[in-house]
Structures are given as C-alpha cells and as structure tokens.
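Please go over the structures that come below.
The same subunit A turns up in both complexes below, where it pairs with subunit B and then with subunit C.
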Partner chain A sequence: MIRIRNLSHQIAGHDILRNVDLDISKGGLTALVGPNGAGKSTLLSLVARLAATQSGGIEINGLDLKKISHGDLAQLLAILPQVLTSTHRISVQDLVGFGRYPYSHGRLTPKDRQVIEQVLASFELEGIRHRFLDTLSGGQRQRAYTAMAWAQDTEYLLLDEPLNNLDIAASRSLMARLKRLAEQERRTIVIVLHDINYAAGYADHIVAMKAGEIVEAGAPEAIVTEAFLSRVFDTEAQVTHVAGRPLVVV
Partner chain B sequence: MPRLWLLTCLGLILGLSVVSVFVGVIELSPLALFLDPEALHLLAVSRLPRTAAAVLTGCSMAVSGQIMQILVRNKFVEPISAGTGQAAALGILLSVLLFPAAGLAIKMSLAATTALLGTLGFLALVQRLPPTEPLLVPLVGLVYGGILGAVMVFIAYQADLLQYVDVWMLGEFSGVMRGRYELLWIAGIAAFVSYLIADQFAVLGLGRDMSLSLGLNHRQVMALGLLCVSVVSALTVVTVGMLPFIGLVVPNLISRRLGDNLRVTLPVTALLGGVFVLACDILARVIRHPYEVPVGTVFGVLGTLAFLWLVYARPRHA
Partner chain C sequence: MLRRRFFWLLLVLLVVSVLFLTLGAKGSWGFTLWFRGQKLASLLLIGGAISTATILFQTITHNRILTPSIMGFDALFLLILTMMVFGLGAGGYTQLSKVWLFFLNLGVLTLASVGLFALLLKDQSSDLMRMVLTGIILGVMFRSLSSLIQRLIDPSEFAVLQSASFARFNRVDADLLLLSAGLVLVTWICLWIMRHRLDILALGEVLPVSLGADPKRGQLVVLMFISILVSVSTALVGPVAFLGLLVSSLTYRLIPSWHHGHILPAAVLIGGITLVGGQLVLERILKLETPLAVVVECLGGLVFLFLILRKGST
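Let's turn to the complex of A and B:
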C-alpha cells in the first residue's frame, strides 16, 4: 500500500500540491484524473522519488520512502515518465532488457532472458523486437516503453499519461492489456489519464485532483457524475451508463 | 553485424599499423629491420610510438565523444568543439604560467581539472535550453568553446606564449616520440574503464527520470562520465593537440549503422576512431612527402565530408 500523508510541494514559489492525504491500496488499476495543472504528474514523481519531498511523508508497504535504497526502490516501484525520447536508437528487445537493470545491472541472467521473452510476448512485441525505437509508430513505441517498465517486475507501476499521442485503437489495447496483466500478476498500477472516459472504462479506482488537492476518490460508478465533472473539470457534460460503467458524452 | 564491424576494424588497425610503421621521411623497409640496428632504433623511438599514439587518440576521443553525447543527451556535440578541449588548453597554459617548475603530473592534473570545470559549465548552460530545440546545444557549444579559446589566446598573447597555443590547437603527431606520448595510455585506460560500465551509460542515455526509476545511481554515473571526458580531452590536447570531429563523426556513424546499445557498440566506436585517426595520419605523411600536413587538417576535411554524408544519407530502417 502507498500511504501519502500531508504532502505539500512548491515549485518556484507556486503551490503544486497542498496537504495531500491519499491511500492507494494494493492491486488493481488506480486512475489519477483532473484538469491540467492539478498536480497529478508532480504527485506521481514524488511517489517515485524523482524529486525530493519538501513536506509531508510517503510510505510504501510501511517503509518510509526516504529510507529505501536506490536498488530496493527500483525493485519495488517503477515509473514511466511522460516525455519519452524517440532519438535513441536501441532495439525493442534491448529496451525491454533495460527493465532488468535493477536485478542484473546489465549482465542478463537466464532468468532475465526468460522474463524478457514473457514480456515481449504479453505486449505483442515479438514481431518488432529487432526494430530500433526511432523506426516505430507512436503506439508501438509507447508499448515498448511500457513493456520495459513491466519487465522491471515491480509491485507498483506508475504511468504518466501513457495514452498521449495514441490513437483510439492503441489506447484501448494498451488499457485493456494493463488491466488484464495487473489482475493476472496482482500488480498495482497508478496511471495518470487525460481522458475521463478511459478512467471510467478501465480503472478500479479513480482519484480526482484539482488545484493541488484530492477532490474525490472512489470507484468509477460511484464518483463519475455530472456534478463531479462540473466540480472537478468545470464543464457541464452529460453522463450515461453503458454496461454498468459511466460514460461521459463529449 | 557488430561482430563483423569489430573484426573489420581490428584488421584495419593492424594493417594500417604496419603501413604506418614504414611511412616517414627516413626510408625504412621491412628487410632493413633484420639487417640494420639503426632501423630498429627508428622503429622503437619514433614509428611505433607514433602509430600507438594515433590509435590511442582515435579510440579514446571517439569513446569520450560518445559519452559526452550521452551526458548532454544530444548527438551533435563532442568535447573538443564544446569547450572541454579549450578548457584543458587553458589549464595547461595556466600551469605553464603559474607553476613553470611543476612536473608533468601536476600540469596534467590542472588541465584535467579545468577541463572538468569547463564541461560542467557547458552542462549547466545546456540544461537551460529548451528541449524542443536540439540544434541549439551544439551551437551553444561552439560559442562557449570559442569564448574559452579566446580567453586562452588572449592570456597566451599577453604572456608571449602563442607558440604553445598553436601546438595545442592543431592536432598532429609529428612530435610524438618515445618518452613523449605515454600519457595517452592513461586516456586509453579511461576509455576502457568506461567500456566496463557501458551498461550504466546506456541506461543514463534513457534520461534522468528513467534511469532513476531503474535504480541507477544517476549522479555517480554522470560524475564518472564527466571524469572520463575531461581526462581524455586533457591528455590528448596536451600530448598531440586538438583533433576535432572524431568524437562527433565516429559515434554518429556507429549509431546510424549499429544503434545505441553501448555494451555492443562502444568497442566498435573505439576501434573505428583508431582506424580513422591512423588512416588520416598516414595520409598526412604522404600527401606532401617529405613534408607533413597536420592530421587535424586532414581529419577536418574528411570528417566534414563524412558528417555531411551522415546528415544527408537516409538511415536504412531494418
């Protein structure tokens, strides 16, 4: 479980996060939604320790985040940041292999190779395993990076807007894959999503943020309502239900 | 494919070394080695050191160029044109001025220190540039290197030491003899050490956030990379002078053909650097025989052509 207590963060004098309290329980897909500038990415980067916490605390599985070593944290939690470069010329297979760095530090063991093969298979990358990243489409590249983070074999996986620049087919396929794999391998995924419908359609929990604060949290069916959209996103949109899940009419 | 490149480069280095040993102002034939003790002396004092110096310089400059590109996360920079080389020359100039009696080790340490500071300054400048404008990075590097170079020339002019500056600014191997090039072996060792941690540099190449997520000790690897670039630059500038373009052309060529997985490509990058510099040095000796053209000039011409080809040739997509 990730336990965030009284977390505040400032960047250049501006409050990005204000007294955030949040528990993310083990298992399932938690979606972080909210308008631009709500502090979602900052929250994610603090949990992954890409930036140091200024005030407040974060615990992962009861351990103080500040006291976990680099190596231990990399085996417990992986993050896929938002900006992924495309100039790097490495093959898909080598990229997924980098996901094993926390375990083998570059010298792949038979176990690593086995994990890499499994991950390449479950992300359907076998056909393009020898292609360089800069020759792939946006959807393929995102899938390859996600596979790398998956190969890190961590209990927690944080993804920052993985659906950016993806078309509807690639987005749906990535979300469905993540949901299925999270259930199969009992991992905890926290994912920042721009599109509330993807959150409502695939997430087990939704955490809504606005102006650096948690506004609401709960199951999609319970919290995605017209009043919720108006409060969090300042927009009047109609909400219907399809197959038991809420759907925002855009 | 990488193995083929590796073996080819290795073969070329051996072949070119044999050629290099027998090219020079004084006639030296393979037969004379068995008959004439003078010939052996020439070989040991001048020809072998020169050949070794060219290979070591090429290998270590290519590797340090590759590492610089990872540190800055931009494929269009290399230490010699982005301030590291000029800062190293400034350091050695200062040591000549301030500690004229000091030994070579102290002068070298000072040069490596200023090279390190110069590279840190470049990193600090570059981090403020917008990531959407990658070509600003080499341009800023050229301006920055130009300013450092101007400071150095001004100080040298004031102190009447301009003749030294020419030696450092224009790389050439004609002064290389036994006893005057051995520092380059340290540059070679620095390049080899960076091969040992090639995997960490490869992870660093994924960017700060990703390398932190993978548990890399980001600061430590950055520091090691900086150290390698600075030591190699300082040693080559002092021993043979500045050889621009090698650190730029060779890693880019390898990246185009073989990719960026350093564990596989770094040895090829090193050897290809050695092949290029050795070939250019042989050319430099035969173009105007019995006179020499500085190898920096030869490489400047060929390197520019190679780079234009790199920029305009479409990469083959596998």
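Let's turn to the complex of A and C:
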C-alpha cells in the first residue's frame, strides 16, 4: 500500500500540495480527479520520485520511499508521463522490451522474452510489433507505452492522463483493458483522469483533489454527486445513473 | 537489413582506406605506407571520436540537433589551453611534456564541462531553442575570452597557441596519437558495456527514472566520456564544429535503430568514411589544397541549417 503523510510541495514559491494525507490500498484502479492545477500530476511525480519530496513522507509497502534504491523502485513501481514522445524510431517490440530493463539491464533472458510475448498479446500489439513508434496512431502509441510499463511487472503502475489525445474508442478500450488486467494480475493502478465519466465508469476508487488538497475519496457510486461536482469542479451539472454507475450529463 | 548496411559501410571504409594509403604513391613504399598510415590512423580516430561524442551528447539531451561543439565544448578546451599558456608563459608551457599538458587539459575540461553542462541540463532540457542559444552564447563567450587573453600575451606565446586553434588534419603529433588512441579505445569499451543503459537514457526525462536507470548519474558519466573524446579530437586537430552533426544525421538516416549497439559503431564507421574519403577526394583526386576542415564545415553547416529549418516548419 502507498501511504502518503503530511505531504507539502512548493514550486517557485507557490503551494502545489498542502498537507496531503492519502492511503492507496493494494489492488484495483484508483483515479485521481480534479480541476487543472489541483496538484494531481505533482502528487504522482512525488510518489514515483521524479522530484524529491520537500516535506512530509511517502511509504510504499512500509518502506520509506527515500531509502529505496533506483533498481528496487523500478521493480516495485512504474510511471508513464503525460507527454510521450512520438518521434522515436523504436519498434513496438523493442519498446516493450525496455520494460524489462530493471530486471535484465538490456540483456534479455528467456523469461523476459516470455513476458514480452505475453504483454504484446494482452495489449493486442502483435500485429504491429515491428512498426516504429513514429508511424503509429495516437491510440496505438499510448497502448505501446502502456505495454512497456506493464512489462515492467511492478506492483504499482502510475499513469498520468493516458487518455489525452485519444478518441473515444481508444480511451474506452484502454480503460477496459487496464481494469481487466489489474484484476487478473492483482496490480494497483493509479491513474490521473480529466474526464470524470471515465473515472466513474472504470475506477474502483476516486480521489478528488482541489488546490493542492484532497477533498474527497471513496467509491464512485458514493461520491460522484451534483454537490460533489459543484464543490470540486465549480460546475453545476446533472448526475444520472446508468447500470449502477454515476454518469455526469455534460 | 542492418547487417547488410554495416557490411557496406565497412566495405566503403576499407576501400577508401586502401586507396588513401596507395593512390599516387611515389618513392619508397615503406616510407609512404608508414607516413600515410599514421595520417590514416589519426583521421579514423578523430572521425570516430567526434562522431561518438556527438551521438552521446544527442542521447543525453534527447535531441538530434545539438552537438558538443555547437554547445561550446571545444571552445572551452581552447580557453583552458589559452589560460594555461597565459599562466605558465610560453617557456613554461613548452617545457612541460605534451603528454602532461594533454592530461592537465583533459582534467580541467572534464571538470569544467561536467560542472557547466550538468548545471545547464538540470533544469529540463526540453526547450531546444533555449539550449541552442545558450550553447552558442557560451561558445562565443569562451572564444572571446580566449582572444582577449591572446591579445594580452606576447607574440611568441601567441604562436604556440595559434597552432592549436585551427583545425588541421595534415599534421598530427605522433606521441599524442598513440595516447589518444588508447584513451578513445578505453572509452569505446566502456560505452559498449553501457550501451543498453544509453538506450534507456535516450528515452527522455521520466522513463529512465521509471526504469531505474538514474538519469542524473548517467548524464554525468556520459558527459565525462564526451569530455575525453572532445579533448582528444581538439588536442589532435583543433576545433571542428559541424563534422559531428553531419555524421550523426547520416547515421540516423542509414541505421534506423534505437540501439546504441548499432548506432555507435555505425557512427564510428561513417565518421571514418567522411574524413578519410573527404581527404582522399580533396588531396589525391581533385588535387586541391583546400583544407578538408573547410569542406566538412561547409557541408555540416548546411545540414545544421536544414535540420533547424525543418524542425521549425513542423
């Protein structure tokens, strides 16, 4: 489990996070939602140690994040940033292979190859395994990068707005795939989402942030209400329910 | 496909090397081969060193336009040299053995460049234009400082410096050549060992962290290797600004691979072909007295302009 205690962060004198306390339990899909500038990406980057924590602490499975070595952390937690370069001349298969770097440092073992094959199959990338990234569509590219992070075989996977620039078909298939795989392989996925409907539709837990603070956390059915939207996003929108899940009428 | 291209590159390099050694040879074969062999070795070494340094720099900055010389690496080398001549005086400077001077120079350059460029790379290198501008300004600053100091020193000291400040492929010091070959070889071996790590470091700012490759330490190590390679090539022939860029863009064109295990050897081969082939065509076939540096710089400059303009339009 990821345990965040009293975490504050400043960038250029501005408070980005204020005394954040949050527990993310093992298993399932946790969505981080909130308006622009709420501090979601910063929180994610601190958990992945892309930046050093300024005050407060983060523990992963009871270990202090500061004390975990680079190599160990890479076998425990993977992060996929918001902006993924599209011009790389890497084949899909090689990219997924990079996900095995924490284990074999580039010299792929038979076990690595087996994992790569499995991941290529689970993400339906077999047909385009030899294509270069710069020839793929946005949806295929996001799928390839996600597959790389998946091949890293970590207990925790952090995704920063993976649905950016994806059309509805690619977004839905990616979310459904992640939810299914997280359940099958008992992994924990933390995902920053812009669209509250995707969070309500696929996530097991929703954590809502605003102005650097956690304002609400819980199951989608419990927390996505009209009052919630007005409090977190400052917008008056109607919420209906379809198939037991809340749906925001936009 | 890659294997075939490597084969062709190797073949072309062999052919131009043999032609370089034998074409138009007069008089004693033993002397000609020894004399030209030395020249050939230095051209291959320099071509390889500059190409490797360029690819490495592009790998850690994640862009394919910057080169160590555009960022002022070799200008820094000359500044350090100038300051040493200024501090020691030409007498003291020429008394020191070349080998010692070389290592002194190398040490100072490594420290200075790691300090300076690590600082520059620290706050996100994503803004390409800012990096290019910073580099060009740094280069101009280093060059102006050098020429300021050169004005302060007396003519005999200046003469010592002048021979070091212009690219010259024809006269290469035999003592330094052996030493440089050793250094470059060791660097290449280290790079070969860390080739997989280089593939990961090239992926950007975030993914190397996620994959456990610690980009900060990686960048420092790579900067150190770049300093060694630049010192070697600048000490041997002086500054060449655009050769690296010419070779690296050719390499990416010819070898569509992400793996440094492919890119680095190909760049070394292409660097050798460019210099040896260029010298062969200029000297033996066209019988021109134009220094090779002028032609390479002209071509490389055009490639630089092309890359910048194309980048701007997309």
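By definition in this document, the second predicted complex is superposed on the first by the 250 of 250 C-alpha atoms of A that agree within 3 Å, B and C clash if a C-alpha of one lies under 4 Å from a C-alpha of the other, contacts with A are read in each partner's own complex, and residues count from 1 in each chain.
Everything that follows uses one rule, which is that a residue touches a chain if its C-beta (ideal position, glycine included) is under 8 Å from a C-beta of that chain, and two chains touch if they have at least 3 such contacts.
Bear in mind the structure is a predicted one, so any value in this text is a computation, not a measurement.
Asker: Should the pairing of subunit B and subunit C on subunit A count as a clash or a fit in the superposition?
Answerer: clash
Asker: Is A:R231 in contact with subunit B, with subunit C, with both, or with neither (first, second, both, neither)?
Answerer: neither
Asker: Would you check which partner chain A:R113 touches, where first means subunit B only, second means subunit C only, and both and neither mean what they say?
Answerer: Touch partners of A:R113: none, neither subunit B nor subunit C.
Asker: If we overlay the two complexes on their shared chain A, which of subunit B and subunit C does A:R131 touch? Say first, second, both or neither.
Answerer: First partner only, subunit B.
Asker: Taking the two structures together, which residues of subunit A meet both subunit B and subunit C?
Answerer: Shared contact residues on subunit A: 48-50, 70-71, 73-75, 78-81, 85, 88-91, 94, 98-99, 101-102, 105-107, 132, 149, 152.
Asker: Once bound in the complex, which stretches of subunit B touch subunit A?
Answerer: So the residues of subunit B touching subunit A come out as 73, 75, 131, 134, 198-200, 202-203, 205-210, 212-217, 255-256, 259-261, 263, 317-318.
Asker: Provide the residue numbers of subunit A that touch subunit B in the complex, in ascending order.
Answerer: 45, 48-50, 70-71, 73-75, 78-81, 83, 85, 87-91, 94, 98-99, 101-102, 105-107, 130-132, 135, 149, 152
Asker: Quick one: in the complex, what on subunit A touches subunit C?
Answerer: Per the stated touch rule, the residues are 48-50, 70-75, 77-81, 85, 88-91, 94, 98-99, 101-102, 105-107, 132, 149, 152.
Asker: Per the contact definition, I'd like the list of subunit C residues that touch subunit A in the complex.
Answerer: 62, 195-197, 199-200, 203-207, 209-214, 252, 256-259
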